[in-house]
Structures are given as C-alpha cells and as structure tokens.
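Residue numbering begins at 1 within each chain, and the chains themselves are lettered A, B, C and D in the order written.
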Amino acid sequence: MEHKKNDTKTKETSRIDAFSDGVFGIAITLLVLELIQILHSQPDSGLLKTILHNWQSFLAFTIGFITILVCWINHHAAFEYIKKVDTKLMWINGFLLFVVTLTPFPTAILAEYLEKESRTAVAIFGFNYILISIAADSICTYAYNHHLIEEEHREFYYSYKLIYRYAIFFTLVAFLLCLVSVVIPLILYTLLFVFFAAPKEFSSRLYKIRKARKNNVKK
Amino acid sequence: MEHKKNDTKTKETSRIDAFSDGVFGIAITLLVLELIQILHSQPDSGLLKTILHNWQSFLAFTIGFITILVCWINHHAAFEYIKKVDTKLMWINGFLLFVVTLTPFPTAILAEYLEKESRTAVAIFGFNYILISIAADSICTYAYNHHLIEEEHREFYYSYKLIYRYAIFFTLVAFLLCLVSVVIPLILYTLLFVFFAAPKEFSSRLYKIRKARKNNVKK
Amino acid sequence: MEHKKNDTKTKETSRIDAFSDGVFGIAITLLVLELIQILHSQPDSGLLKTILHNWQSFLAFTIGFITILVCWINHHAAFEYIKKVDTKLMWINGFLLFVVTLTPFPTAILAEYLEKESRTAVAIFGFNYILISIAADSICTYAYNHHLIEEEHREFYYSYKLIYRYAIFFTLVAFLLCLVSVVIPLILYTLLFVFFAAPKEFSSRLYKIRKARKNNVKK
Amino acid sequence: MEHKKNDTKTKETSRIDAFSDGVFGIAITLLVLELIQILHSQPDSGLLKTILHNWQSFLAFTIGFITILVCWINHHAAFEYIKKVDTKLMWINGFLLFVVTLTPFPTAILAEYLEKESRTAVAIFGFNYILISIAADSICTYAYNHHLIEEEHREFYYSYKLIYRYAIFFTLVAFLLCLVSVVIPLILYTLLFVFFAAPKEFSSRLYKIRKARKNNVKK
C-alpha cells in the first residue's frame, strides 16, 4: 500500500512539477537577453568600457537570478510534501507562476532605472516580493487546509505555512519603507534572501521552537 | 496487472507530456518580452508614467497568461485519462501546440492595437480561441473514438468530449459578434474562462446531468 | 527481471529525453518572436494590412513549426527502442539538437527573403534538411551498430535506419535541384514531410516489404 | 531494499535534474536569437553576402553551443552517482546554472568583438570557463565530502572530483595567457573541449592510473 501511495503521488504531481520547472527555468534564462541588449546599445565604445558602464544590468541580472532561484527552491520544498493536486491548487500555483513569469520585467526596470529613479525601481521590485509571498502562502495554506499533504508531515507543514505568512508582513513593511529610504529596504530584502535560501531548515527550526514552547506550557 | 498497465501508460505518454509542458511553459514565459519592450520604447519619460501609459500591455499580458494557463489545465485534464499515444494523436496534439505557440502573437496585437483598432484586435484573439477549441475537441474526440483512454473512464470522457464541442460553437458565436460589438465578445470570453477554468468539475457536472436525464427516460 | 530492465532504461534515457524535449520545445516556440517583430516594423499601417502584407512570415512560421514537430516525432520514435545511452550517442544527439536549435534561423530567412531571393532562401532551408537527415541517420546507425537498442526490435530497427539513409539522398537531390528551380524542391520537401510525418508506420511498411522479398528469395 | 533506494533517488534528484535540463536547454536555444539579429542589421545587401560577412556570429554560435552541451554532458555524468540532494547542493548547482545562463552573453561578445577586440573577447569567454570549472568542482567536492553519492562508486567519484580541480588550474592558465596571445588560449580551450567531451571516460582512465600507481606503491 505504501508503494501505491507513492505511485499515485508521482502521477498526480509530476505534471504540475514539470510545467512549473519549465516556467522557472525559462524565466531565469530570459534574464540574459537584457544583458545581450547592452552590446547593441553602445556599439562604438570599447568592450570593457561598455560592460563596466552597465554594472547595474549585471547587478539586476544577479538579483533577478537569485530571486527566481529562491522561488524555485521554496517551490521544490513546498511541493515535496504535497501528495494530491486539485484544480484550485493548479490555479493558486498558476498565480505564483504568473509572478515568476513577470519577474524579468521588474529586473529590467532595476537595470535601467536604478540610477535614475532608484526608489521607484526598488519599490516595484519589492511589490513583486509581496505578490510572491502571498502566492507561496496561498499554496501552503490551501494544501494544509484541504489535506493535500502527507498526513505524517502535517504538523511540520504548519511551520512551513507560517514562514510564508511572516514573509507577507516582512515584504509589506520593506515595501512601505521604500517611501523613506532605499538602503533599509535593500538590507531587509537581503535578510529575506538569507532566511528563504533554505526554507526547510528555516521552518524546521521554527517547528522545534514551537514544540519546545508547547511542552513548556504543558508543564 | 494493474501495475503493469500503469507502467505502460507512463512510458507511452510521458514524452508527449514533457514536450507539451515545455511548449506551454515557454509560450507563457515569452509573453514578458513584450512588457520589457515598453522600457526601451519611451526611455525619457518617468518610470511610473511609462508603466501607467502602457496599461494595455499589462492587460494583454494577463489575458495571454490566463489563456495559456487555461489551455494547460485543460490539456492536463484531457491527457490524464489517455493511456496510449499513436502518431495521429501526436499530430493533433501538435496542432494544439501550434495554436498555443502562436498565442503570444495575438497577445502582442492586443497590447498594441487595443486602443487603435479594438474590434480587429479582439476578433484576431477570438479567432485564436476558435482554433484552440477545435484542437481540444479533436484531441478528445480522437482519443475517445480510438479507445486510447482507460476503459473505466470512457463514459465520463464522453462529457469531456462534449464540453469542447460546445466551446467551438461558443467561440464561433463570440467571434461573429465582434462584427457588431467589442463589449459582448469580451463578456463571452470571460464566461469561457470561468467555464474552462475547472474542466474536470465542469464535465463531471455535465456527466451527472446527462446520467440523471437518462434515468428519467428509463422510468 | 523484465521489470528491472525497464527501470534501467528509464534511468538511462530519461535525462537525454528531457534535455532534448526542452530544446525541441524552446526552438519551436521561439519561432513566434519573428511574428511579433512584424507588429513593430510597420506601426503606422492598419493591423489587417500589416498581417496580410507579411504572409511570408506566417508561411515561414508554419513551415518552421512543422519541421521541428516532424523532427520531434522522429526523435521520439527513434529513442523509443533505445535502451542504453553512452557518451558518443550524447554527442550525435547533440549534433541533431544543434541543427534543431539552428532551425529558427533558416525559418527567419524564409520569412524575409522568400520574395527577394527565393532560390537562395529555399536552398539554405534545404541545407538544413540535409543536416537533419545526416543527424537522424547517425543516431539510428550508431544505436543499431553498438547494440544500444532492445534486442527483440533489432530487425525492425534496421528498416528504421534505412529510411533516414534514404532521406539523406532525397534531401541532397532536392538541394541540388534548387539550382534550377524553386517549385520542384518545394514539392519534394512536401513529400518528405508526408513520408516522415509517421516514421513508425513508414518504416514498418518498409520492414514488411523487405521481409516479403526475403521469403520470396528463400523459395 | 535495493528497489526502495532507487525510488528515493528518483524522487530526490528528479526535480533538480528537470530544472537544470530546462535551464541548459533554454540557454543553448537562446543562442540562435543572435543569429537572427544578423538578418535585421543589414537588410539591403544580398542574403549570402550577409551570412558570409557575419561568419564570426556562426563561429560564436557553434562555440557557445558546444560549451553548454559539454556542461550538460558533465552535469549528467556528475549527477548520475548523486543519490541525495540537500539545500546546499541546490545552491551550488544554482551557481553552475547561473554561469550557464550567463553563457549567451560572452557568446554574443565573441560574435561582435572577435574582430575588433579579439583578446578581450576571448578573455571574457575564458573567464566564463573558470567559473564553470569552479562550479563543477564545487558540486563534485560537496557531493563527495557529504556522502551524497552512492557508496559503491565513492572511490571512482574521487577521480571525478579531481578532473574538475585540474580544470580550474587549466582554465586559469589559459585565461592569463590571453594577456600575451589569442592563439595559445584558443588551442588550450580546444584541448579542454576534447578532455571534457567524455568526462566519464576521462575520469575512469585517471581512476585506473591512480589504482595502478597505488598497487605499485604497495609492492
């Protein structure tokens, strides 16, 4: 019976995984097109000069790449425990993919407006992070509430759900701080990367803290 | 024996699934290139102004994205019950992928001509929907008639086949109405999205209605 | 033991399948970028006029799409019987993918030079077909000679190998005929599409003819 | 139990394989966009003239294609023995994908600056090779040190790890030689291609040499 459950899981989630992997992979690779554009824009100046002059494009490429990679790592971690997929989950996942697909656009904005209109550029990129957090939270909450996850990991998955709820508040605060500063949001977004670089480790730490607290309350 | 049938299924349909998922994933992600184009077209005006001025591009991106996502969800649902793939089905599926691959083109038309030539732009997009419906209907009808679906789901699959037949007539009517109006077709296409957002639920409702009617006739 | 062989097969060929499917899927979807280009080139004339004026782009898109789809169907059929993959086969397959990846280039040539320099444009596209035939023949011959195919299908696979050998001669002749005419090569390429649209059926017919002839010789 | 280990392996590494295959496949296919650009840059001269005039673009396309193909073949070989994936390996693999995704950029540089600033163009391409070597070495070293590979292949995997360590030094030397010459680095990079075209055969030869030496020492 154990074996059969695994089989079903593979069948049920393999196509949503494959489609999502495709979208992540293409969105992350399309970022390079903005870099190639550089070469066509100033054909007369020297090569090294052209590259150094467009340092923001390389910074934006790196930020865009890490953003989508972090999304993929979190998607991978969230779907590892999901055993069933229904139409609604496909739509919520579709919303996440919508934001991931959009990501090359704010990345191109960063590349071109980081000097001219830094605050607006960072705010637009930050708005993207709010949407990603909402999408990630929706996936985990829906999967948790509708028992689409493996029963034995249900309690652990709750911490999972929590970290994306926190992410919404965190990205909202960072977004609002764009009104007053550019540096503070950038520090907060770096922290966000550090936290969600390893979502499994992050949520399992939270899980242990919550368990320890529960035990203390019992006593 | 159950197990063996599953194995064969995986082997037979896994590559057509993977190829289709790839095409869907790329077509949906290429849509963002039209958005990035915006940034290069008016480099002198402010960032927010440029974005707000091109609201049709964002609307077109969203419509294009939902269109391809709905196609993927329907493709996923239709192929779930297909257990065998022959060369003809590959060609019919190829026709569907042809239309999906084309979709970024009418989407770009929407973005650029929604203000200038709204009726023609909507009609071209609507023509795309007719082709998608014909392709979806052809896949289901062929799979049904040539017994490529699992025998136990054959009766249910019939309702499946029916909803895409309805879709052809629906999209045809909406297309013809483009001659007299822009608003009415847009409402009809929104309804189309709602119906085919959950093809499994839609067709199983139809299945129950048809079953109930049959039982009434028997009495 | 039967089961184990299947397992090994899946493990050995699944990644080369996935990589190839990705390349086919992207190459086929990139073709649409040439179509979108149309909208940016003549922004002042009417929408329908712009589309009708660029009919060659749509023809080229369709030809490019069918070319890559036929390649994928043939790739699918050729790899169905391959049970082992070694480094050399990866390189031969890499050569096929090289030509498939190139295909959007001759397609763009067709779109832009079909009126101006029809003979050269068709010849370049035809050169692409020679390369594809050589690549397909190399894959089948290598897999056959190095016993990478399932032993029970070995005899059948020989006919498979033959049809791609024929294709090399066929495409060579069509290419040389470009020196004298445009119409004759186009007819030959249409025939090529018809033959290789269903490679399995084509080679199994050849297999039966060869078997019948052998039996006649024996008598 | 054997069977279960295989199952786990498939589940653990299949998504990182699929995502990586997607990125490799897209990066390799995007290279063609640079070729298509040629057709738009000189619309007035003849077709054959335009193509021959841009021979560097075709050379760059070929070099870029082989580079990414060699990366994929090596990635395939390195992950064949990896049975478990943790978050850190995902990040190291992410670094490799970062460099692979970047590759179309130095390829475009080669195409446009090979005549004008050959030394800088080759040096930038060479810098890319250093990064690829470091990424490949990091993956193998991490997998080896953290026992993520199948235990029975551990000794063989050590030779695997070694060849990428050698590659770092090799690409570093070639990069520094760009300061004095263009021809010598190009010869060295060709040698690099030859060595890493068949990483499995290369490392197994090394493995045998090291084993023979060990046995000699024992005597």
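The rule is short, and it goes like this: contacts are C-beta pairs under 8 Å (C-beta built on N, C-alpha and C of every residue); 3 or more make two chains touch, one makes a residue touch a chain.
Worth saying up front: this structure is predicted, and the values here are computed from it rather than measured.
Visitor: Same residues or different residues: which describes how subunit B and subunit C meet, taking over half shared numbers as same?
Guide: different
Visitor: Let me spell it out: compute each chain's centre from its C-alpha atoms, then which one is farthest from subunit A's centre?
Guide: For subunit A, the chain whose C-alpha mean is farthest off is C.
Visitor: Measuring centre to centre with CA averages, how many angstrom lie between subunit B and subunit C?
Guide: 27
Visitor: Roughly how far is subunit A from subunit C, going centre to centre by Cα mean, in whole Å?
Guide: About 38 Å, centre to centre.
Visitor: Where in subunit B do residues touch two or more other chains at once?
Guide: 18, 21-22, 25-26, 30, 33
Visitor: Going by the contact rule at the top, pick out the subunit B residues touching subunit C in the complex.
Guide: 7, 11, 15-16, 18-19, 21-23, 25-27, 30, 33-34, 37, 87-88, 90-91, 94, 97-98, 101-102, 104-105, 108-109, 112-113, 116-117, 120-121, 124
Visitor: Subunit B touches which residues of subunit C in the complex?
Guide: 6, 10, 17-18, 21-22, 24-26, 28-33, 35-36, 39-40, 43, 46-48, 51, 61-62, 65, 69, 72-73, 76, 197-201
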